[in-house]
Amino acid sequence: MIEALLAVTFVSSLVVFAAPDRVAGKLAALLSLAPLAGSLWLYTAFDGSGNALLPDGDLAFETMATWLSIGDLAVNWHVGLDGVSLPLVVLTTLLTTLAIVSAWTPIDERQSQFYGLVLFMEAALLGVFSALDFFLWFVFWEAVLVPMYFLIGVWGGPRRKYAAIKFFVYTNVASLLMFIGVIALVFALPVESFGLPEIAQSLRAGELGSLAGIQPGTLEVLAFFAIFVGFAVKVPVVPFHTWLPDAHVEAPTPASVLLAGVLLKMGTYALLRFNFTMMPGVAQDYVYLIAAVGVVSVIYGAMLALAQQDLKRIVAYSSVSSMGYVILGLVALTPFGLGGATFQMVSHGLISGLLFMTVGVIYNTTHTRMVGDMSGLADRMPFTVGVFVAGAFAYMGLPLMSGFAAEVFIFLGAFDAFAGAPWFTAAAMFGIVIVAGYLLFAMQRSLFGPFRLETDYEVGRAPLHDVVPLVVLVATIVLLGVFPELIFDMITDAVTALSGGVA
Amino acid sequence: MVSPDWLALAPHGILGLTAMVLLLYDMIDPDSRNRLALASIATVGSLAALAASAWLLAVGVGPSESVSLFDGQLVVDGVALFFSVVFTTVAALVTVASYDYLADHSYQAEYYSLVVLATTGMVVLASANSLATAFVSLELVSLPSYALVAFLKTNRGSVEAGTKYFLIGALSSAVFVYGISLVYAVAGSLHFETLAAFFAEQGIEQAGVFGLGIVMIVGGVAFKTASVPFHFWAPEAYEGAPAPISGFLSSASKAAGFVLAFRAFNVAFSLDIAAVSGAIDWALLFQILAVVTMIVGNFAAAVQERVKRMLAYSSVGHAGYVLIGLAAITSGGAGGNSIVMGAAMMHLLVYGVMNTGAFLFVGMAEYWGVGRRFEDYNGLSKQAPMACVAMAIFMFSLAGLPPFGGFFSKYVLFLGAIQAGFWWLAAIGAVTSALSLYYYSRVVKAIWIEDPSADFRLRGRPVGLYAAVMLAGVLTVALLPAFGVGIEAAYDAASVLFA
Amino acid sequence: MATIGEIAPAIALLPLASFAVALASVVFAPRLLQKGGAIPGILATAGSLVLSVWAFVHVGGGEPIEQELLAWAAAPDSFELTLGVLIDPLAALMLVIVSLVAFLVHVFSLGYMNAEGETGLHRYYAELGLFTFSMLFFVMADNILMAFMFFELVGLCSFLLIGFWFREEAPASAAKKAFLVTRFGDYFFLVGVVGIFAAFGTGRFVGSEGFPHLAEEAIAEGHEILGMSPETGVMVLGLLVLGGVIGKSAQFPLHTWLPDAMEGPTTVSALIHAATMVAAGVYLVARMFGFYALSPTLLAIIALVGGFTALFAATMGVVKDEIKQVLAYSTISQYGYMMLGLGAGGYVAGTFHLMNHAFFKALLFLGAGSVIIATHHTHDMWKMGGLKEKLPVTYYTFLAGSLALAGIVPFSGFWSKDEILYESIVHGLGTDGGLGVLLLLAFAFGLLAVFFTGFYTFRMVALTFHGEPRTEVAEDAHGVGWSVKLPLIVLGVLATVAGLVNMAPLDVEYLHSWLDTTEEAGLLTSAHHYEEVLHDVAHVEAATLTPIATAAVSLGLALAGALAAWRLYGSDPQPHTDRLGSIKELVGNNYYQDEYQVWLAEGVTLPLSRAADTFDQVVVDGVVDGVSSVSLFSGRRIRRIQSGIVSNYVALLTAGLVVLLVTFAFMGGWF
Amino acid sequence: MVPVQWYLLLSAAMFCIGVFGVLTRRNALVILMSVELMLNAANVNLVAFSFQHGNLTGQTFALFTMALAAAEVAIGIGIVLVLYRNFEDIDVGLPTTMRW
């Protein structure tokens, strides 16, 4: 099934590449409905249980075939979904479709390439979330970089080339570091393949040997941090976050949507799968360090957002902040912490996607994103601003929207997770005040008050196809906020086995 | 298994014969303008040799049994055939592309015959099982190469490149042969297996002489592979030479240097032999070379202004990656050794395809009269989208990004290094690889992201260049899913050396 | 036929439906709904009111309503988070109040908003519906997490409604401030909620499985709470939750948002101040009183904050010139009383005042709204005067509300305020240790505030309605319609008589026994249970003192204040406050509370964030860019080796070879 | 009988002279000659040790080396010729159009 999903998406991307620019957008939206419908079908037909990497895991839609072997180690085509990956798969397909629709207005050149790249990226992202073999996963993981590089570089803002190359090289360095860490582990383990379940189970069983004269204990810690830093760049976590604002500001809106909505989740997803599933012991030994990193990301990211004038930059930094919660939830290693972190991935994907899209819609008409350049937009674009307000409040963690559920889950999970955890949690929670601060200030200055616009464009209501994706996202956010069980059940089912760290 | 034995020399024979046919054609019709015929003969010859190599592999020469010929002077085994595939593939690509590139040049028959002769030399070198055959075949590779680099004899760059290449090459081959003479002085033999047996049984009395010889032989190899500090010819030669030749040299000729090193150092001077490792730990030597080469090549490539020169330096950098395949050899680590060497072989194969493709793209740009600098490539994708797709594939593949073959080969190489415990080699490789992403993406940026700086129209459709570039692009992509086939062949081949 | 027990959620869901209808009509059919969507809102709140009364009656039968609404989230071996409905006597009372006030505000809005040709009425009614929905569910919440959720939603709705006139600067700014300041309080609340879950594994308010009871047991048995002694644990958690209360109920020092919130439509002010948002804080304290009653420190802090706020806000009310501002500070002050009452252990007293205040404050705001419509949106009392004749219904009902606010017998405010003061002095005198002393201090604050309350209330009445019209608009004031008058009359009656349900000095204690109605059901929320807890755990004792004494003193002070105001402003008013000089400056500027909070936000936090931004750009990103610069720089150095001269290459090559040879010669020991 | 070490020293000396020539001369033809000297240094070794070890491998190989040296010179002269045509000199220091 997953193969079909990947194949359809990939072929769609080729079809769109070949399509004329005029119809590419519509065609891409139409074609992207197939993976969306497919992933929703996967959701309804999901029959897995447990964690994909652990012995209790009973995967849904699993397939496995030998691809090649490197020495004694097999590289397999091994895909499957569990409660953690399925929601992310659905998130990916949903956001891609919406991002494509939202691109109709702003993307006015080289459309077929744009939409082809988006669909190509979707295929790679689906692969990332479903692959269960390290090499296979890594192929998809790196493959995501290529379309994103072009999306930023070709269709981006004035400093797009700088931003694109920074994103490209920075995340690539991180991947390499992570690769070294994982491979060092693999060779110190008595495993027969690069299968993530096998690696995880062997590591958890304490079968790590030594490598190149490095003792198992040291090796595990070194590998843990190599991998952690590798993913931390992707997440991104302070102090590895500086590529993100540049990338976001320069990227065209639909790319920002996918960047914030899905690409960042790759990092946290991988952290969950690798660091916290495979080496919970190390995570527990360094819990203060990791929790501190999470807390600093939350507060520092929020403080940075407070200082920004560019709406996109604000949302970008707030993503850093939001991802800090995920780190905190993960390191808690409790059902609610891990579940909340995963839930936050989905939730933040939707909410940041929503905000970026809204900023994009505003930009489409005003041609500026600077807070000081406009005011009183609510007067001219009531629906868009309404959605913006909804999105902003979702970001602030308004109850009955998914952001609140995610944050509360994380806080509940983290509060009593380890000695001193209340302090860390309470410190991180202060983020909910700062986030309210910067979003409210930005909204007040740009959306409310008397209408004024520095750029002298005629501002009218946004076209319907700009607004529909926003409404769909708001609806989804509220749906998940009111009924988090829709996905939280399967998430907790998959992460509960991880709680408490080493068994 | 083949019978009679000499059938195992089919690739060598076919290539040699093709060269003769080309010369014959030229003799019969010296003023021939029929470049199609010449290019076809060369290409068909290369492809036939490729087919022969594949056929030999298919019938089981290599993994199961190696064929030893001429009293053991030549051996056709997995490694030889694997590299034959690399050489002939590159040669085929280059000859196809040369059809357009040489459209306005005379002495075409000589050109093609030199290419095919150099290829012959490489294939023989891959089978060479003695320092004597190795030296002779190495010269058979080098001498046509000098001529080919300087082929554009009215072009100052080409001549300058040829001069430098030749002078450094002559010096290096002198060093190489002197090294051979020193090894002969110690062991009294040039045959690899005999040497190994001698060292194992009699030990090494004059460790100094032997060590001196080894270092000098490494120097010869390093010249061929363009490893620092024997790389100085490479940037100029690759930049000044006709682009197809640059591709040919930086891919095939480099691989030829490596195959010699692989065989010589793992058979004759194996670290498993206590006497050898006692006299000189050549793995350390290669580690030093690998590190320096990776650093110099990639860092210098990062700041180039001209695309071809960037590719030249990057080619030096890639030599550094492949050197990991020798640097991470450990005594007694048979399984691990074949992993890392298999990875290096596989990288040479993938590199051969993608790097040749990249140089051929540059050749296409030269054909069109586009300038040499990055800026001159701006917006090329608007004019030639398909070729630019291929170029982007080459660049990303060279940088080690999926879904292209270069991704796997580079990462498996790093993996092999880690597996042998040389995580720091992999780390340096990783750092330089990230840097390489920077400079490779500059090309992509120029052709895909930048707007055309001037309104230029491309002249003509070079069918041969297009075909070769496209083929290389398809192969680069296909080598990802098909990586398994290649890497397993490479392991099996490599493990023969460690048997 | 469904019972109220089954359809209780509908009390809140009806306004949600009206929200949905109004929202849908905004999007799809702006002209479809008459009266800008008021009708669905009125119908829905009327329905809520009917159901609330039904629930009230049902609960009166001694059986509380409990129902699980939604299994929100759960994880194996961890918490179960649910949304559920709990209607006990307290909740039932509050439901009636909220739905009644909401209904009346909807009706009033017909006259206030619709008649004035406002735009965005659909939005207005949609937001009102959402507001009512949130508050009703907050009241019915059966656990603290659900309470927090709707507490926050109430905050959102207040943001939306305060900022209703978003095209102007001030409302947008006020809305932002309201949300931000209450958010600051809610931060502590949320930490408290999470802490309560972490400590007790549940957020239930009631029953033996509820966290107040678990905390009580922990204290009794000496179990640690979150690694602290049980007393400390309860105190810390209670204080954290109190943060939210202080924010929402506009207690010192988080009261600053409330006066600004007057930028919203007056109807909204009525709703916010009387029955919804501001009430939510105090209601929360009452809701989990079983928890607060466990810790004498908590009680003391609540009482002290309440007493201080009561006085503090009352003094500021004295110098305000705008009618809504006076009412705003009176709100802060009155909620201070409620806090004082609850902190002093007067659960019934606090609840009582909450109820009375809801009526008279809604009345006063709607009355003020009526004045404002009549005077064509004049807010400044100095531009009014002499409206008594023009607006008789408004005047008399407003007067009733004012008397209740000032605490003049027998209007409702008197009874409850007096009970609060009484509770604080008897418990202050009777209790040993710090709590007793602090309660007496709080009592002193409260008592002093009575005078100011009387003063500003009648200053307001006098300036608005008495004397001669001072401006043309006051001259031209026009009458108001039935939709304005009807709510005023209903509330006027209630403000007058509501106090009669619990005339403690006369031993009439219907409210007290109402709050004990469901004692048998084991919810542990009865007033009686709280008294036991106060006595057994917090060691609060009551001294013997006749209620008449405090009643007399407070009535005397209130009358004194009222008479003083009457003397000064009754006829031909002058701005007497100018004579106060620097004190007027201080009080008029609200004791510079806004200034320091704005300074904290804009003078400290913002520069800090800019510094962080600079740090990020220069140092953190500088390192990243630096790495690339250094790489490229080294690249430029390295390429220089390639000098272009082949002789140099040869030399370097030879040198390299020699270096390698020498190195290996040494290492291999060839010599 | 001359001890074999002397041949080794002789060849080393020849080799070093060759290297010295390559390093110091800028005339392409002189460099070519110096390289020939280095190649012949190897030949000295090969022949001497062939005698020492009592097999003919070295002597045979020396013949190969000579042949290859001749071929190399042939190519070399050709290149020097075009070098002269393009740069009007055979000073190897002159062509520096490509560097860095």
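Chains: A, B, C and D, in written order; residue numbering restarts at 1 for each.
Heads up, the rule we're going with is that a contact is a pair of C-beta atoms (placed from the backbone, for glycine too) under 8 Å apart; a residue touches a chain by one contact, two chains touch by 3 or more.
This is a predicted model, so every value here is computed, not measured.
Colleague: Going by the touch criterion at the top, tell me which pair is linked by more C-beta contacts: A-C or A-B.
Modeller: A-C
Colleague: Using the mean of all protein Cα atoms as the middle point, what chain has its own Cα mean nearest that point?
Modeller: That would be chain A.
Colleague: Please report how many Å separate the Cα centroid of chain A from that of chain C, as a whole number.
Modeller: Chain A and chain C have C-alpha centres separated by 36 Å.
Colleague: If you average the Cα atoms of chain A and of chain B to get two centres, how far apart are those centres in Å?
Modeller: Here the centre of chain B sits 41 Å away from the centre of chain A.
Colleague: Roughly how many whole angstrom separate the Cα centroids of chain C and chain D?
Modeller: Result: the chain centres lie 96 Å from each other.
Colleague: So the centre of each chain is just the mean of its C-alpha atoms; given that, what is the distance between chain A and chain D in Å?
Modeller: Measuring from centre to centre gives 64 Å for this pair.
Colleague: Residues of chain D touching 2+ other chains?
Modeller: Answer for chain D, listing residues that touch two or more other chains: 22, 92, 95-99.
Colleague: Of all residues in chain B, which are in touch with two or more distinct other chains?
Modeller: Residues 163-164, 167, 171, 175, 235-236, 435, 438 of chain B each touch two or more of the other chains.
Colleague: Residue numbers in chain A touching 2 or more other chains?
Modeller: 169
Colleague: So, with touch as defined above, which chain pairs make the list?
Modeller: The set of touching chain pairs is A-B, A-C, B-C, B-D, C-D.
Colleague: Can you tell me which positions in chain D touch chain C when the two form their complex?
Modeller: 19, 22-23, 26, 92-93, 95-100
Colleague: What does chain B use to touch chain C in their complex?
Modeller: On the chain B side, the touching residues are 163-164, 167-168, 171-172, 175, 207-208, 211-212, 215-216, 218-219, 228-230, 232-233, 235-236, 278-281, 284-285, 288, 295-296, 299-304, 313, 435, 438.
Colleague: Tell me, which parts of chain C touch chain D in their complex?
Modeller: 639-640, 642-647, 650-651, 654
Colleague: Per the contact definition, I'd like the list of chain B residues that touch chain A in the complex.
Modeller: Against chain A, the touching part of chain B is residues 335-336, 338-339, 343, 396, 399, 401-403, 407-408, 411-412, 414-415, 418-423, 426-427, 430-431, 433-435, 437-438, 441, 444-445, 448-449, 480, 483-485, 487-488, 491.
Colleague: Inside the complex, what are the residues of chain C that reach chain B?
Modeller: The contact residues of chain C facing chain B are 628, 631-632, 634-636, 638-639, 641-642, 644, 646, 649-650, 652-653, 655-657, 660-661, 664-665, 667-671.
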